[in-house]
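We call the chains A, B, C and D, going by the order they appear; numbering starts again at 1 in every chain.
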Amino acid sequence: MVNAFDFIEVKVPAKPEYIGVVRLSISGIASRMGFNYEDIEDLKVAVSEAITNGVEHAYKSDEDGELTIGCGVYEDRLEIMVADHGGSFNLEAVKEEIGPYQQEDNVEELREGGFGLFLIDALMDKVEIKSEHGVIVLMTKYLHENEVGRDGDQVSTSQ
Amino acid sequence: MVNAFDFIEVKVPAKPEYIGVVRLSISGIASRMGFNYEDIEDLKVAVSEAITNGVEHAYKSDEDGELTIGCGVYEDRLEIMVADHGGSFNLEAVKEEIGPYQQEDNVEELREGGFGLFLIDALMDKVEIKSEHGVIVLMTKYLHENEVGRDGDQVSTSQ
Amino acid sequence: MNLSIDVTKPEEKHSVMTLDGEVDAFTAPKLKQELLPLTETEGALVEVDLGAVNYMDSTGLGIFISALKSTKEHGSDMKLVHMHERVYRLFKITGLTEIMDINTSVRGGM
Amino acid sequence: MNLSIDVTKPEEKHSVMTLDGEVDAFTAPKLKQELLPLTETEGALVEVDLGAVNYMDSTGLGIFISALKSTKEHGSDMKLVHMHERVYRLFKITGLTEIMDINTSVRGGM
């Protein structure tokens, strides 16, 4: 990874069986870059959330959709883009419905979804979402200097 | 994997650090398809050999090359294509120099390479190589019926 | 990438579900299908052992939320035990540790 | 995806190299650089423990061939021990089991 910028692209059918495959590829890239165990786990969840959304919300059930995952490998960070070509959505409206569970919420009325975008935001350092022709989620995780070359199972001090 | 045919595409820079990443992706796809442990190991080696060739022989050392890996997921088989856009090579001439070690060979003169294409051939069920504008290796591994849903660490009876 | 699900019943109203693998949108439907019925008996105690679950995302959170709702509805109880620290973190961030009975394997440690 | 290399010298002319991980075109250069010098002393015995090597491809075969050639040249010896059955299979297919001293962990089994 001597170059300032390497680009890896993965295209998969928008089907649940490929979420784990992409997760594995991402964890391979992140581990090669020297991310520590905790950050790799965060990356796996964030990417899976974005892909799961592409699988579940982007295409009509009879459509054969595709998802494109792009990874920009920089010396100090990993940028991951997850894009679909399905329908767009109203991000502002969605934002009012997502987020953590609130103490006041009644368990009986608790929603069972709406944690995906919130987790992406919580686990990544920088997140941008564009929804025009399909949805693009662009997320960045920084490689903290003291992590490079660290042993995978040491505790991270970088959060 | 209900459809007759799913296509997954991966593009990586032609650099040794990404060989392991692609190997991980392929083993994820193969394991999801229900290939047994032995066949997954064979697939990993064959794909790595093809990618290693793309990394080592396709591009001049100052070129920023790219490799494209395409996977066709069928109900009964996995087809993997590894393609580069580098220089082509004379397959017929190469064929005379590859293959297993022969008893008569003198250890001092033993070649240290030339096992890659031979292993791809030995480990996959069907292999086609085209060398025109760059090299394309197309390899197929069949999923034996009795393997589907089998436990990964059972012994395969299918060789 | 897969999830194996094993259910035993040490006592009539006590079931232990042992999970091994990853909970994501691919494996979640099977989990939901096996877990929900266990919560539908009044007085039942459902213990879910997550000691071998090394990956979970929001799809898994959703399943446990619907199981929790089902326990409230049917008067049963659910405990999540031996949860990995990394998985626990997701329940924590989303505020779900406030409403679920969770016990981690190496809580606080790592 | 990585390879860790550890060398100990139980006796002056006897070195044990313990490998852990995967041998491919990314990790091979480091392996070659550490292994070859060990074979360059007359009468040396180099034991390579592959018990924790779960992946190897032709790049690895090439390294061991060049180490073998170096032993012939310098009058030293090399043994590959605890090789996994799957890795052994590659040495077998390529005919290299005929010329190398290899001992597998679970030879014949698997």
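Here is the rule we go by: a residue touches a chain if its C-beta (ideal position, glycine included) is under 8 Å from a C-beta of that chain, and two chains touch if they have at least 3 such contacts.
Owing to the predicted nature of the structure, the values given are computational and were not obtained by experimental measurement.
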Third chains touching both subunit D and subunit A: B
Taking the mean of the CA coordinates per chain, how far is subunit B from subunit D in Å? 23
Using the average of all C-alpha atoms in each chain as its centre, how far is it in Å between subunit C and subunit D? 46
When centres are defined as mean Cα positions, the distance from subunit A to subunit B in whole Å is 29
Do you know which subunit B residues sit against two or more other chains? 17, 20-21, 24, 28, 32
Expected list for subunit D, residues touching two or more other chains, is 1
Using the contact definition from the top, classify how the chains connect: line, ring, star, complete or other. other
Going by the touch definition at the top, which pairs of chains touch each other? A-B, A-C, A-D, B-C, B-D
In the complex, the residues of subunit B that touch subunit A are 1, 3, 6-13, 15, 17-18, 20-21, 24-25, 27-29, 32, 64
Per the touch rule above, subunit D residues touching subunit A in the complex are 1
So in the complex, which bits of subunit A are touching subunit D? 28, 31-32
For a test of understanding, state which residues of subunit D touch subunit B in their complex under the given definition. 1, 22, 24-26, 55, 57-59, 61-62, 65-66, 68-69, 72-73, 86, 90, 93-96, 98-99, 110
Per the touch rule, the subunit A residues reaching subunit C in their complex are 16-17, 19-21, 23-24, 38, 41, 44-45, 48-49, 52, 55-56, 100-103, 107-108, 110-113, 115-116, 118-119, 122, 155
